[in-house]
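By letter and in written order, the chains are A, B, C, D, E, F, G, H, I, J, K and L; residue numbering begins at 1 in each of them.
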Amino acid sequence: MRIHILNGPNLNLLGTREVAIYGKQTLGDIDARLAEVAEELGVEVDSYQSNHEGALIDAIHRQRGRADGLIINPGAFTHTSVALRDAIDAVQIPTVEVHLSNIHARETFRHHSFLAPVCLGQIAGFGPASYELALRALVEALRDRGEPS
Amino acid sequence: MRIHILNGPNLNLLGTREVAIYGKQTLGDIDARLAEVAEELGVEVDSYQSNHEGALIDAIHRQRGRADGLIINPGAFTHTSVALRDAIDAVQIPTVEVHLSNIHARETFRHHSFLAPVCLGQIAGFGPASYELALRALVEALRDRGEPS
Amino acid sequence: MRIHILNGPNLNLLGTREVAIYGKQTLGDIDARLAEVAEELGVEVDSYQSNHEGALIDAIHRQRGRADGLIINPGAFTHTSVALRDAIDAVQIPTVEVHLSNIHARETFRHHSFLAPVCLGQIAGFGPASYELALRALVEALRDRGEPS
Amino acid sequence: MRIHILNGPNLNLLGTREVAIYGKQTLGDIDARLAEVAEELGVEVDSYQSNHEGALIDAIHRQRGRADGLIINPGAFTHTSVALRDAIDAVQIPTVEVHLSNIHARETFRHHSFLAPVCLGQIAGFGPASYELALRALVEALRDRGEPS
Amino acid sequence: MRIHILNGPNLNLLGTREVAIYGKQTLGDIDARLAEVAEELGVEVDSYQSNHEGALIDAIHRQRGRADGLIINPGAFTHTSVALRDAIDAVQIPTVEVHLSNIHARETFRHHSFLAPVCLGQIAGFGPASYELALRALVEALRDRGEPS
Amino acid sequence: MRIHILNGPNLNLLGTREVAIYGKQTLGDIDARLAEVAEELGVEVDSYQSNHEGALIDAIHRQRGRADGLIINPGAFTHTSVALRDAIDAVQIPTVEVHLSNIHARETFRHHSFLAPVCLGQIAGFGPASYELALRALVEALRDRGEPS
Amino acid sequence: MRIHILNGPNLNLLGTREVAIYGKQTLGDIDARLAEVAEELGVEVDSYQSNHEGALIDAIHRQRGRADGLIINPGAFTHTSVALRDAIDAVQIPTVEVHLSNIHARETFRHHSFLAPVCLGQIAGFGPASYELALRALVEALRDRGEPS
Amino acid sequence: MRIHILNGPNLNLLGTREVAIYGKQTLGDIDARLAEVAEELGVEVDSYQSNHEGALIDAIHRQRGRADGLIINPGAFTHTSVALRDAIDAVQIPTVEVHLSNIHARETFRHHSFLAPVCLGQIAGFGPASYELALRALVEALRDRGEPS
Amino acid sequence: MRIHILNGPNLNLLGTREVAIYGKQTLGDIDARLAEVAEELGVEVDSYQSNHEGALIDAIHRQRGRADGLIINPGAFTHTSVALRDAIDAVQIPTVEVHLSNIHARETFRHHSFLAPVCLGQIAGFGPASYELALRALVEALRDRGEPS
Amino acid sequence: MRIHILNGPNLNLLGTREVAIYGKQTLGDIDARLAEVAEELGVEVDSYQSNHEGALIDAIHRQRGRADGLIINPGAFTHTSVALRDAIDAVQIPTVEVHLSNIHARETFRHHSFLAPVCLGQIAGFGPASYELALRALVEALRDRGEPS
Amino acid sequence: MRIHILNGPNLNLLGTREVAIYGKQTLGDIDARLAEVAEELGVEVDSYQSNHEGALIDAIHRQRGRADGLIINPGAFTHTSVALRDAIDAVQIPTVEVHLSNIHARETFRHHSFLAPVCLGQIAGFGPASYELALRALVEALRDRGEPS
Amino acid sequence: MRIHILNGPNLNLLGTREVAIYGKQTLGDIDARLAEVAEELGVEVDSYQSNHEGALIDAIHRQRGRADGLIINPGAFTHTSVALRDAIDAVQIPTVEVHLSNIHARETFRHHSFLAPVCLGQIAGFGPASYELALRALVEALRDRGEPS
């Protein structure tokens, strides 16, 4: 089982800015932790980050026939990108939406997600741990699908 | 460390209705699974369910000085209860909001949560696994708080 | 065939307040009239009133496997209770929504019903006669379902 | 006592289209059933259908001094016609609004009725039985008015 | 294959008013051009215009069992008539919506079409050529339906 | 100079209903008074009433090349008819909108006029005198246009 | 009978700016014309202009017990002043609202009048003639009130 | 004269949480102070608190024929409970709405009160003193009613 | 301790208009009563009324370094004046907002106050007694501030 | 005459996903068909696809002085990109907007197009045939412009 | 070249309140600085401040034929005064709108400016320097106008 | 001190399109002028333009530790890009937002800026001079920060 992690705009700065709020962990630290959890769960993970909406769409397309599941932190594109939503919908790969912060407790324009309706679920507010939770949730959901009900 | 689980209206019916959608697990099954995870994590859990908004508020109040963290699935009260929000805000116990379904992919009136702004985070869409994810997320967050940063 | 009648908040005061508007009939009078109609139709009826949203939800749950149909006058909960809607939706018992007054001719916040989308239909504006009409409508609808089409 | 039944746009097609949803009854079948109920109740009924808003307004005007009550299924005009509302308001004949389907459970633009505020009440969702319920409700309401309170 | 063309309010004035904007072509000229295209495509066309919403509804009803497809320029009724929408929906004849002007570039109240959701598609902004495009589009769509996929 | 008066839905009932509010004058009385004023002003007037939107549109079209000005009381169509607006806009005859009542002091849905933006002006609230004021205003405006500025 | 004319902000500039749109008439010219009409009607008129909302309120108060009717062109205060509305409502002097331009055909924020609901009626769009029409309308309305109905 | 004080959800926690904001006074302290003021004014007071909407409605009903006036701090139910509004409206006991904080200076969803339109008045923002002011205001209003005007 | 009372537009008419609603008390009567209460409380009061928004702003500015507290009945400026809000905010003198009527039970546009967010609290609906309550509330609040907490 | 075809995000997947809905045709198939039509019409066509908004803007800029007309299927950017609108507006090349599906019959957020107001017209709902229709419409419109009117 | 500076409500308090936020500069200091810049640019400046909307309108009118340009800081009137907008529009003197703070980053009701659409441009957020920037911008714009393009 | 200038979509076309509106200056001309002003002010400037949102985000990130201030003309991204806002917020470099045109006087969707709340201020409407004003404003603001207050 292969899981691909997608990170949207400004997440490359993680751990190097606003440390008091977001903590000292970088995307690299998160990837390292996800590798450990993946090993524990017996799955493969790799990841990609871009500040370009188009590059993220291309990346989602590339996963057709390759990834069994996607984890996406769409950053600010959560609230503005219908194109990313359509990309997820088109490739039909089960996807989990994650957020470091609790977007529902921030500015009103961050409460709405264009991607949520085409995702399995959403995990928001647990900092870097949001990713680990998403990986566990996604793998469990994919395994449930594989079993006879 | 003690974690209290609160379940709102109609969740007592879980596992006995709309099995095709919500699965066969009952609240009892979820409690049993949470007990296992709690043991793994070295914490205590107990739970409460009510269809009465007032009873849930009373229950939250009772946890002052007792629980270190709360997990709440407010059911339909998510979208209508300012009083539950105020109760969580008043007792100042770290709280995680969970939902079985992905509320952001359902009717528009289910997209907004009155409770989210006073919770640590929200996990929605993973069926019974949402609770287990919430327990892991909450315990990790509480332990991070306890450690010197 | 068993029909359960549910009455929401403030309806216990019926017939003892604002007599000029609502008439002199009490809930007891309405129950008596419904008993006559039920006998004519060959069905059983009983009823329940509460000012507590939670108690009404509990009452709906109790009817699973007991009542063949529900008639509900949700009173003010019509406009605010997603939890009652979910309760009706969960038990999957055919339900008719009734109102003494024509809610569509009153304040704007009374025009919208959270319950209507999960009910068979709505009857509003005929005073105590709304209940009798609802009973006739519900019994006819249930019998149509029972017959081969 | 004379009751006039008005049917709005597209209702002439009833029973000949979308039979699975609306059933096989035509307006003629409904009229026949209403004639039986009218006889039972000791009242006279006749009916009119038009796809023309203006023709329906003319028809309402013609009933001044003739009909004691009106039953109107305004069809799609429910949501767009202020002129029909004004016509009912002008002739001051007690009117009941009926709908075959539960308009409150359909598209949002069908939830609002311009006519409801000038009608006695609204009955929606019971298919052809909505008319029979309306006739019973209207006759009872008119007789209540005629009696000393 | 028979195609019926419907024109709504004020379109009878075409070619005789605001020539600078709408050009010198009349509805008669458009009909003549459509007849040529119809011959080329091997289909029959005829057309109807009315300023009366009710007359247009009647005309749509009359096409049941006669026309294989409809082209409708609803004029101002585009934005206000739920009844025309219901008529198209009821007769279940594939319909294309056309507009001479690009309604999406005009006043805000002209951007929304009540009819679009029950039509195959919409062509707007090409003057009289909109009709010819609609005829080609409709005939192609109908022929595609007739072929095994 | 020829002025045509158009009256919309329900205005045929004027003077015979709600006399306490609208007074005892009928449309006939208003026409008689307008004839006197017309003679004083040296212009010709005639009038038309219909409850049919389409008939009013036809009537506006017929005035092309005949009337120098229009006075229209659109009744309830004021708030719903884009088609009447387009008709006035198409024939390019200077038009004054009149209302018996002060529509800006009534229900919110009566505050907006679709016709006002294509009329010279609006006179509302003076009962039958609104028409006489409109006639004086229109004739003066037309004569001002005819004079060199 | 005494009529007081009130003019709001920027109207002092009339006739000296944007002559192409508003014409060459000044407030002085309008006053002169109103004096002629007043003489014809056998009433007295005087007028006041201010750019200060407070000064206009003071002026309205001063007319208590002096003026029998008011004509007010509130200019831009039409859309923003609840205080002027309350002043008119408080003195209980019948008032007519006038506008030089057709405010319903201008920017959306000019369509709503806070004053209209406490005025007899509104006349808009006839340039300086709006005032003369208002004077005739007001005098007629006041005389109708004085007569036995 | 008997005055009943009602306190809504979370107010039982007063004085034991967020002391910096709400002060150290408990509901018991407030009751004690109100008893003193009541003695000064020559009236009787007693009070009730519940986190249950239904219990508050029951409590209001019980005061029929017992209390001459009500003081209610509806807490979070201010913004969500149509049922409490209807209860106050039904028992027809003069009621004053109080709030510890200035709700008009908090989150937008706290600006609107469903109860205010059926209360005599509202006092908000003075902490525990809001209750004392309400008691004085209510007693004065009740005594004014009792006196010949 | 010095308290300044500010009264906004149209309040100069108090007691001389709409006596049935607002009572016979004038602003002078209110001032007299406030003087008595001030003496009882051991504070000084004086007052100012203007129909001019600018004059009220000037008056607020003049109180810097003079008044310890302000009581303002902003009348209709409550709903429209950002400038008065900014004036109160700028001088940083504790302010109480009062209203004779219960503004939350009147027209929708009177429910919102621009001033409330910069005031200590709001008292509405108790007629002239609103001022006395405000004076007591303000003096108590100021004295609480002066005491060590 | 040269026509450039632009395709937005996710359209590269056409024909390889959701075949039941969108059919088996790829963008390559559409290009091939457009080449045939172009030859028939005596014009040149070429095309470009990108998932990057910026790349599409660059492509539009490159066509200045090269293409006589543009056909654009903006995909999801239809609803979110003001920048694409500005690009089309800036280069002043006549443009036709096309959509495979009838966007007016889909989710509400797909009904609004930022690009439509700067395009000649819009064709939506005819699958791959939408492009051919757009090519015919655009060539005809460009030739009409070239001819003396 | 003469430039007139207008300052709206509460700006007279500048430099004497909230020094931490707005700095220690008074309007006098700003005038002194503007005089220096004016000398550098070879233009004349003078200024006016009022808390009265009417006085500001009068001041704008007085500049007709005197000032070549206006700089206005409308303070709170930015968001509420249509009358100031009309005054600027009427005198047709090029105007620049300035704000000390970045109004677009404050409360939502401060984001909209009624004056902006009739001004050359807006400069907001640079404290006292906003005025100097406005003066440079205005002089440059006026000189550009004077030169052949 | 180093200042970086960022230009968003379509600004590369400046000076070569719509010359009548935007003038003949290109971005190159603006850069040249800014170089002169920079020399006068003793600061360094360089600039970057892209039509790609992602490229602009990358560019902002690159300036961390390099630029002391940013000037950004976000073009159409002003109204749609939450990601650019987050980028500016993340790098914590003082930023000024500039616009050639007065966006507050254009279409409604151009009035709101997602970037303004994270910028020092906004300058809009002065054509190429907006940049020069922004450079002066930014340098002054940065120097003020560097000085002891």
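Following the convention adopted for this analysis, a contact is a pair of C-beta atoms (placed from the backbone, for glycine too) under 8 Å apart; a residue touches a chain by one contact, two chains touch by 3 or more.
Please read these numbers as outputs of a predicted model, since none were measured by experiment.
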Count the smallest number of chain-to-chain hops linking subunit A with subunit F, moving only between touching chains.
3
Of C-H and C-D, whichever chain pair has more C-beta contact pairs:
C-D
Can you give the whole-Å distance between the Cα centres of subunit B and subunit E?
55
Could you state the distance in Å from the CA-based centre of subunit A to that of subunit H?
49
When the C-alpha atoms of subunit A and subunit G are each averaged to a single point, how far apart are the two points in Å?
64
Which residues does subunit L have that touch at least 2 chains other than itself?
52-55, 80
Every pair of chains that touch: which are they?
A-B, A-J, A-L, B-C, B-H, C-D, C-H, D-E, D-F, E-F, E-J, F-G, G-I, G-K, H-I, I-K, J-L, K-L
Touching residues (chain side subunit H, partner subunit I) in the complex
102, 104-105, 111-113, 116-126, 129-130, 133, 136-137, 140-141
Which of the residues in subunit D come into contact with subunit E in the complex?
8-10, 12-13, 17-18, 50-55, 75-77, 79-80, 109-110
Subunit I to subunit K touching residues, read off their complex:
52-55, 57-58, 61, 80-83, 85-87, 90-92, 114
